[in-house]
Amino acid sequence: MSSPAAQAVPRPVHEAAEGTLAIGVDIGGTKIAAGVVDESGHIVARTRRPTPADDPSKTQESIADAVRELTSEYTVVGVGLGAAGFVDEKRSTVMFAPNLAWRDEHLRESLEDRLGMPVIVENDANAAAWAEARFGAARGETHVVILTIGTGIGGGVVLDGKLFRGRYGLAAEIGHFTIVPDGRRCGCGLHGCWEQYGSGRALVLEAQEQATVAPSMAQELLRLAGGRPAGITGHIVTEAARSGDVTALNCFDELGRWLGRGMAALAAILDPGMFVIAGGVCEAGEILRAPTEAVFRKNLTGRGHRPTAKVRIAELGNEAGLVGAADLSHLR
Amino acid sequence: MSSPAAQAVPRPVHEAAEGTLAIGVDIGGTKIAAGVVDESGHIVARTRRPTPADDPSKTQESIADAVRELTSEYTVVGVGLGAAGFVDEKRSTVMFAPNLAWRDEHLRESLEDRLGMPVIVENDANAAAWAEARFGAARGETHVVILTIGTGIGGGVVLDGKLFRGRYGLAAEIGHFTIVPDGRRCGCGLHGCWEQYGSGRALVLEAQEQATVAPSMAQELLRLAGGRPAGITGHIVTEAARSGDVTALNCFDELGRWLGRGMAALAAILDPGMFVIAGGVCEAGEILRAPTEAVFRKNLTGRGHRPTAKVRIAELGNEAGLVGAADLSHLR
Amino acid sequence: MSSPAAQAVPRPVHEAAEGTLAIGVDIGGTKIAAGVVDESGHIVARTRRPTPADDPSKTQESIADAVRELTSEYTVVGVGLGAAGFVDEKRSTVMFAPNLAWRDEHLRESLEDRLGMPVIVENDANAAAWAEARFGAARGETHVVILTIGTGIGGGVVLDGKLFRGRYGLAAEIGHFTIVPDGRRCGCGLHGCWEQYGSGRALVLEAQEQATVAPSMAQELLRLAGGRPAGITGHIVTEAARSGDVTALNCFDELGRWLGRGMAALAAILDPGMFVIAGGVCEAGEILRAPTEAVFRKNLTGRGHRPTAKVRIAELGNEAGLVGAADLSHLR
Amino acid sequence: MSSPAAQAVPRPVHEAAEGTLAIGVDIGGTKIAAGVVDESGHIVARTRRPTPADDPSKTQESIADAVRELTSEYTVVGVGLGAAGFVDEKRSTVMFAPNLAWRDEHLRESLEDRLGMPVIVENDANAAAWAEARFGAARGETHVVILTIGTGIGGGVVLDGKLFRGRYGLAAEIGHFTIVPDGRRCGCGLHGCWEQYGSGRALVLEAQEQATVAPSMAQELLRLAGGRPAGITGHIVTEAARSGDVTALNCFDELGRWLGRGMAALAAILDPGMFVIAGGVCEAGEILRAPTEAVFRKNLTGRGHRPTAKVRIAELGNEAGLVGAADLSHLR
């Protein structure tokens, strides 16, 4: 028995796939998305399940079920899982996952037992970053920082052509370095974390505040939001900015100002050849990229005496995490 | 003909040396120190020359001269040079050296021609960090950040057991990430760089200010400095702190506060297993280490859900740069 | 007909009162408290009404009703009203009241019509500050800043013996000057306002965060709060601090650090002879006052060359606003 | 005997003067400027002396000598002295003057003895502010903050039509409230003082840094400065900005950003009806005023619910201090 989604990708497609296949699984707070991925990063089959988020055991069973559905049709070399949370340096154990009930969950061992094939676990932002470095905007680059900008800032770092994981698997928690001492409270318990300034949520809050305090300056934003500041979304800010609305453009300049500052800090430490901006805000494209790069360059130590990293918009979309997890299982 | 310094290390020591030998050269603004180093990081012979800092060609000649003196007595596999400045990713060219007259100086090629043996060039803080990771406080650790705290903050990063150099050889310029937006002016042209807060110079300025503004609170510091705030040095602050002087201890707490904050930022990005504090401030030992570690732990994202990096004082002294440069030439 | 509260203060007390009488009314978001006040600041009779907060007209009627109850027993020279919000420079119109439905409400004119006696309106923090300057901790001082520290920071400033109101009646909005650029979001639409750092709410949030992130360090706080971080109140932090709990004491040190910094800024501008700390946090007494004063002194420009303002805890309690409003009507 | 300067203003001018006359003296670090001022703020005679800055007694004698020269020709009601430093609340004693050798100098008493006429002493920025409020851009306004922006930020505050001096005569040290916690070091011993961001010196440093780090962006500035970043002055930045140079305009935007932020803080506390920008930067006029006002309005608490102070450029020039000191002696 196979799901309609898997049926929709018939055998012939499989035969066009390059090299061996692996399965990637993106474990979100509400749904589990799984897919069969070839060595070029193409998804040749997909399926999904709802996430039973409050029951660790049932979550594992749903993952296994989705994988079995795909393996009934495709021969794969392994499975890569991506999840929000802290994953240990062996890519085996989820130490802490804020949105799932996992605490020191031995996910790899447990799923290998269930599935009878190799499994690796990776942080979801790392997995997405890896896909972008392998198949997206940063292909060919050896040193890359990928910023996935959604509600928060997730990050992945590729150094010398490999995904960088740190001593304990916790590297690249770049949304949580302090950019403003004693700044805005962060859900992580600290203050002034970068993601409180450079995230999509920060963009939306900025736009909502402008619309609340100075509605006459935010008429286009309010029109698109049905008149209520609380109705302003990231998509609305992008749309307004594209039509030339000054307040919306200012919101992106402000977001770019914080992104550029944080990237300059990262460049002093990591000296990458490229930054890639991924996540929902990418739809703004050059409206975000240009001010970000300008501020980045202005705040880069040693400017004028050094090469400067490129700043690009991501090329892969929402499925980057799934693709990257699958590809990492190839490399195991 | 050999210099007295080299003569002071007679042949028998050489025979006790472990493995092959290499020469390390530390090129400072005022003097060039060179030494023969074995595979255990021991210096078996030394010599030095003054630095003709304003003449790039003469500086090269002095380096070559010091090396020739040592090679007249010892057989070595190569030469490693350490210099303050930006060194390219191939360890060949000094792109920019603030204290020397070098701009895009092809040092490696030029010295290999003069000396007829392999040469590598490395940033001096990187070289010192490498020595500390190989032979000092961090031996056995795979992921280490070494902070060399002098007038500024120099840094070196070891990842997966290798010195991390970034895409263009400019990684680990950690003294120049912004820790206070719009903060103190830095010689690098930016504002709020870490080294304006966490360096030995910041420590001394803090003590001098206290002694100027509230001399009654700084009597011990002033006594040791001959009564003048401007006479207070890092060594004096350390001495006063050791004798229990409250103002001096407060200065180290303040230094530790900034070091701990910056280290927490680095840990979010790099996730090392250990931080090593090196440089002149090390003489304060636990007086500096303890408050630094406390603030680091308090500001670490995810604390309570993750392993925490150790914080150690360096074990090697001023010659770490020379030793590290020599050792890196072994690995070429 | 009179209320039980008014009946509880029989005629004889009235005769012991000093000088003429006036009525003060404190218009809160949930209740209207009114009292008859003599020239020494003693309350000789009290009454109260619930606040019909969403109906401006009914709120006025309730105020008038409370006043009439008191005037049926006492002869007064006028009425002073205190309300949270912006009151114009003539003490007549409430331009904006966040918790009531008033926008450009001509309160003075309207109530004088209803009551047939002189009425003045004042911002509630100003009224409370005036009482403290006249009858409380700052009596005899000519230049005083009173900080009323509750959920936010309210302030009142007395200059040359008079309540300072500014050009438009909006002076002393001291909770809303920026103390951390790009800092924590404030309900006023700005970022980094002082009240996001120096208020009772900031104290409680700090304690709750400590208890969440490092529960082992906050056992006494958690015990008093029934085990839940969210159960920690300002009163609990005070109680724990009094019993010597280190985490609670740290919370007050942090609060004092921000209060002291803000007070140093105010002293550079206003050069008062005294600061008075009022509001709920006063119950902590010296536990709060001492660290606040230490930080204030350390951050005062010109220290060592100038007299330094005293720092005191308020002497009057919750009824200061009512007393101050009444007294201001005397001075009309 | 009279000086050539006094001779240059013959009797007839005196007869055109309005009302009584007073003498104002501006005591600078290098020269003492004195003048006879009428009740309309017009200077009807002038003289000057060099300042013997390191000898308090000789400085007094020079002041007395300049005054005597003027009184030999004009009948005056008193003398007003303006000096940089802390002047006590009685306008009698200079507690501390950074550029002169005065410490607790009883200037008023001593000069009244020498001269046999009434003398008052005032801080020079206060005196200049008073002139601007009486005769300049703020005439007719009751609540004004005047910022004198030179090397630092000096300030004067007029409240209810009177010069505000605070409890100890030290009010309006507005250049020294902290605008960036842990920010740039200030000569006053604190960090992050407003004048390190909003002064003419900050403007020049910003321009010099731009010209050093990115000379290709600062060609016009460098051309006017003879090719050297160190040659860039405030006047040059103004000139370049007027000719449309983008880097120079950015420097004024940055200065305006800090001025506007600081003014928003002052408005929350003082609620003035007007801010006046005085000092050397005034020559930039609208180039500075417009961005300052925009940022001020954006950062003003309660905006949208309150009247907003006007922002003006000063009308009086360098002699405002002399005129204000004279006028204050009228009011004694």
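Each chain gets a letter, A, B, C and D, in the order it is written, and its residues are counted from 1.
We take it that contacts are C-beta pairs under 8 Å (C-beta built on N, C-alpha and C of every residue); 3 or more make two chains touch, one makes a residue touch a chain.
As the structure is a computational prediction, the values presented were derived from the model and not from experiment.
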(message) Strictly by the touch rule at the top, which chains does chain A share as contacts with chain B?
(response) C, D
(message) When contacts are scored as defined above, which chain pair ends up with more C-beta pairs, C-D or B-C?
(response) C-D
(message) From the centre of chain C, which other chain's Cα mean sits the farthest off?
(response) B
(request) Calculate how many whole Å lie between the centre of chain B and the centre of chain C, each centre taken as the average of the chain's C-alpha atoms. (result) 55
(request) Let me have the rounded angstrom distance from the C-alpha centre of chain B over to the C-alpha centre of chain D, please. (result) 47
(message) For chain C versus chain D, what separation do you get between their C-alpha means, in angstrom?
(response) 36
(message) Residues of chain A that contact two or more other chains, please.
(response) 180-182, 189, 213, 303
(request) Can you check the complex and tell me which residues of chain C touch chain D? (result) 86, 95-96, 142-143, 157, 159, 164-174, 176-181, 188-190, 193, 261, 264-266, 268-273, 299, 301-303, 305-307, 309
(request) Enumerate the contact residues on chain A facing chain C in the complex. (result) 180-185, 189, 191-192, 197, 205, 209, 212-213
(request) Provide the residue numbers of chain B that touch chain C in the complex, in ascending order. (result) 181-182, 213-214, 303-304
